[in-house]
Amino acid sequence: MSWILPPGASTFAGDIDFLYYVILVITGIAFVVVEVGLLVFAIKYRARPGRKAQYIEGSIKAEIIWTAVPAVTLVIIGLMSGGVWNHIKGRNSIPPNAIPYEVHVKQFEWNFTYRGPDGQLGTSDDFIVRNQLHIPVNRPVELQLIAEDVIHSFFVPAFRVKQDAVPGMDIRVWFEATKVGEYEIACAELCGLGHYRMRARVFVHSAEDYQQWLSDRAAAADEE
Amino acid sequence: MATSAVSLEPAAHVEAHELSFLRKYIFSTDHKIIGIQFLLMSFVFLLFGGLMAMMIRWQLGFPERPLPAGQLLPETMAPGGILLPEFYNSLVTMHGTIMVFFAIMPLLVGVFGNYLIPLKLGAPDMAFPRLNMASFWIAFSAGILMMAGFFVEGGHAAAGWTAYAPLSADPEWTGVSGGQQIWLLSIAILGLASIMGALNYITTVVNLRAPGMTWFRMPLSIWALFVTAILVLLAIPILSGAAIMLFFDQTIGTHFFDWTDGGQVILWQHLFWYFGHPEVYILILPAMGMVSDIIANGSRKPVFGYHSMVFALISIAFLGWVVWGHHMFQSGMNPTLGMTFMISTMIIAVPSAIKVFNWMGTMWRGNIRFHVPMLHSVGFVAMFVIGGLSGIFMASTPVDIYIHDTYFIVAHIHYVLFGGSLFAIFAAVTYWYPKMFGRMMNSTVGKVHFWLTFLFYNMTFFPMHDLGIAGHMRRIYDPSQYEFLQPLAPLNRFITVSALLLFTVQILFAANFIMSWFKGKKAGENPWEANGLEWTVASPPPHGNFAKVPTVYRGPYEYSSPLVEEDFLMQTRKLASDVDPAAAGP
Amino acid sequence: MRRFWVTSCLFAFLGCGGGDGGSGGGGGAAETAPLGNASISGMVMFSGDAPANPAIDMSEEPECAAKHTDGPTNPIVSVTDGHLANVFVRVVGGLPGGPYPVPSEPATIDQNGCLYVPRVVGVMVGQTLAITNSDPLLHNIKAVPTENRLFNISQPRAGMTSNRIFTAPEIMVPFECSVHGWMNAYAGVVEHPYFAVSGADGSFTISGLPAGTYQVEAWHETLGTQSGDVTVEADGSATLTFTFGG
């Protein structure tokens, strides 16, 4: 039982995890103050023969303190969060050199369209791989999510990436993987009976392995 | 009485005619009977909702094992007693739907709004007693209709209690058509009942307060119910409208949410959550109000910061209208809205924090009696604060990227709705039971029920935060499909066992409730030594409540007042130093 | 009291089950009582070079991939030595009027190796179609017919059977699996029992016919529909050949 986040593998993880731990510490302190306070009051002020409660109606000073302190704290958390949000999800946040992919999302599969050797999406050498996303490490990638039936959500826990795919909307999500390896993609929006099995995998390759994979794929496509 | 509205004059016909059993107990216009009708109906739905939760947890804890008595279920739901994924989705949908709309909302608003408002304000009944009766029977009909959805071909609605389009709009995606349509109709009909109730509550609070009952002498339970009624009046029509639009998309060929024909998919989410966020405050404010009354009574002290508490209630209700987008941060809506909704969401945490500190302040330097309602109320504060604090994580939009649609959210929901609302309901039912039924609930059984519930409740829901932090998604029939979720199977099993124990332990409450009705110790007028007007009349009160219009001399929380020997001072007790109010009204 | 009656009614309903799909076949007669003893046997040919069927990427479904020794392909046009399989052949004219007894034996369709097997199946109106899963993983059987009620059901484990009954004739009811986008099947729902599906060798037989002249139609999912006429004597047999082009 742990409140520690699993290891992150993208450039977003640092910022998001930091915010999470800041909030964890702040809420942890508030939690301890309130729960211990309740416990102490329950014990210390329990009814005993001969005791009387003190007739206190309130305290303006207390109200000001416990309004201002939470308010200031929360506004600070909000401001800290704003910059990170803008960097990840802002309309103009997608790096211009991001490698583009199309993802056709449907009940209950992810069909990733690769731009093929000519480096252009939407040309005849594009190819599709079902439920496998291959990307190079340390390069930003941009996925255009095209939902074909209902709302799905592209979620890669290791990358701290989540974005709903909505039919009829042009939705882009970008990220940059920082560690070579294999990671799972899950659907994070109830999309029907197969929602629980709408799983795909991301393969993060070194630059050379990525090129190799691409050319192997192109060669296999030629054979067909 | 020929007019439909009720005046402050004591009901002259209180003893005049004996009503038939049907008119007295079934089609009653007496707010107290209607409140009890809502109570019984809601408990039945609470049981159904809980059973569904047990089935969901069984699947998550023991996925290969047939459900106990699972062979009773038809092949379309659970062949060989093992749930099908589509039925699991339906259970998840219906658990949420039934708990929100047919258990918690009627328990808080239907039961206590009805029962307490006239009594605590010194009125003989609601402003519109026949409208009140209609609102119960319409709600009841909506409930029957909702249950019928289980028996239609294709099964019941399975798109979540949030019913996002297009999953909910086109039967092709789920195989469900009749079930979703029944769901929509039932919600619209229930909405009608809620709106009627809200009209009644607001009118009664504005117009039927006894002489001397100024706005700032009203108990916080009534303030909360009043503010809630305003939220209901404004929010429910939006849900009804959206439900009707979706119903039309399903049945008569409109395309409100159909992107292939000019509609907008996320319009549904905006409409639903514009209702949905005020709705969650509807589900907590009455609980907060009643807990305030009970904590003051248990602590034998005034509520700390009464005026702040009132303003906090109003702020929460007001701000609740501008935070709905926090349910939609990852929805694809303009990311700038992520910023604006984050700020408003952070701000709305403040009045809730104020309330928590004021409850603590009420207990501070008190002389605390830990009767069963007080135990549950302190439990409420302890659990609600966890739910509130977990909300801060999701208010931060970047952190929400990770935890949205995971079990972290499920933990949050249940800490505020169960740890919050349901504990408050246990407190309130136990507290006002003697007034409703003339008998006390058994205190020892009540204490055992509280402690076991508190224990198993935290064992069930606290670990869900961990599941969420590990990335465990919501509404997932079989987490073992994902390698990163397989190590969480033991935790899921632990949660399931705790949930089963939690559910089983509720038998103590049910048994206590039923047995005390017949065998409980008879209750006097004021068993808790409380200050409100309801404690000045018999338990249960006669039809018409007050033989004579009461006069109010002070606020509701004059506990341990220096003016008297006893540690409570009732609102209607006239002291030598008190002056009669000049005229009836505020 | 009121609550008691409502609850009892609810329990009574529960016993009846939640809708269609319970086991058990359609109509009355134990066996199809043939109207006669004549039969039409035939062959479906394919002329020209057989088109290559697309390869299926089963790399993310290892249990299914293991069942295909060569790389799996999607058998859209299934040609063996110039013979075309999976053509749905049925009598469309010349039959005496119905109704025709519905067999209690179900028609069957299986999911094996992440493919519907057979790809094309015939079933009578009111006859049970038993859908089975031989793969140890989730299949989602989705049918979106135009004349019949749509259904969208799951079979998460091997060994499961789901029964469906169609209430109206339809050529053809398309089946999909939403989990495996390449999986397709077609059910021909006919009011009478005089239909068949061509096998891998292209052959088909329709038996139990009275003597007469019949119009016959052959349907393929991509190659279109062909028609032919045939006359049979009582207790006799006649042949019919269809040729689809590439």
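Which chain is which? They are A, B and C, in the order written, and residues in each are numbered from 1.
Quick note on the criterion: a contact is a pair of C-beta atoms (placed from the backbone, for glycine too) under 8 Å apart; a residue touches a chain by one contact, two chains touch by 3 or more.
Source: prediction; values computed, not measured.
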item	value
Farthest chain (mean CA position) relative to chain B	C
Pair exhibiting more inter-chain C-beta contacts, A-B or B-C	A-B
Euclidean distance of C-alpha centroids - chain A vs chain C, Å	45
Between chain B and chain A, distance of the C-alpha-averaged centres to the nearest whole Å	31
Centre distance in Å when chain B and chain C are each reduced to the mean of their C-alpha atoms	51
Junction residues of chain B, two or more chains touched	84-86, 172-174, 477-478
Interface hub residues of chain C, defined as touching at least two other chains	138, 152-154
Residues of chain A engaged with two or more neighbouring chains	107, 192-194, 197
Interfacial residue positions of chain C with respect to chain A in the complex	52, 54-55, 57, 59-60, 138, 140, 152-154, 178-181
Chain B-touching residues of chain A, taken from the complex the two chains share	1-6, 12, 15-16, 19-20, 23-24, 26-27, 30-31, 34-35, 37-38, 41-42, 45-48, 51-59, 62-63, 66-67, 70-71, 74-75, 77-78, 80-82, 84-86, 88-91, 107, 149-151, 153, 155, 157, 160-169, 171, 184, 186-197, 199
Chain C contact footprint on chain B (complex, rising order)	26, 40, 44, 72, 74-77, 79, 84-86, 144, 147, 150-155, 171-175, 477-478
Chain A residues within the chain C interface of the complex	106-109, 111, 129-132, 192-194, 197, 200-201, 224
Complex interface listing, chain B residues touching chain A	84-86, 89, 92, 158-160, 164, 166-167, 172-174, 259-260, 264-266, 299-302, 304-308, 330-332, 334-336, 338-339, 342-343, 346-347, 349-350, 353-354, 356-358, 360-361, 363-370, 378, 381-382, 385-386, 389-390, 392-393, 395-399, 401-402, 404-406, 463, 465-466, 469-471, 473-479, 481-484, 491, 559-562, 567
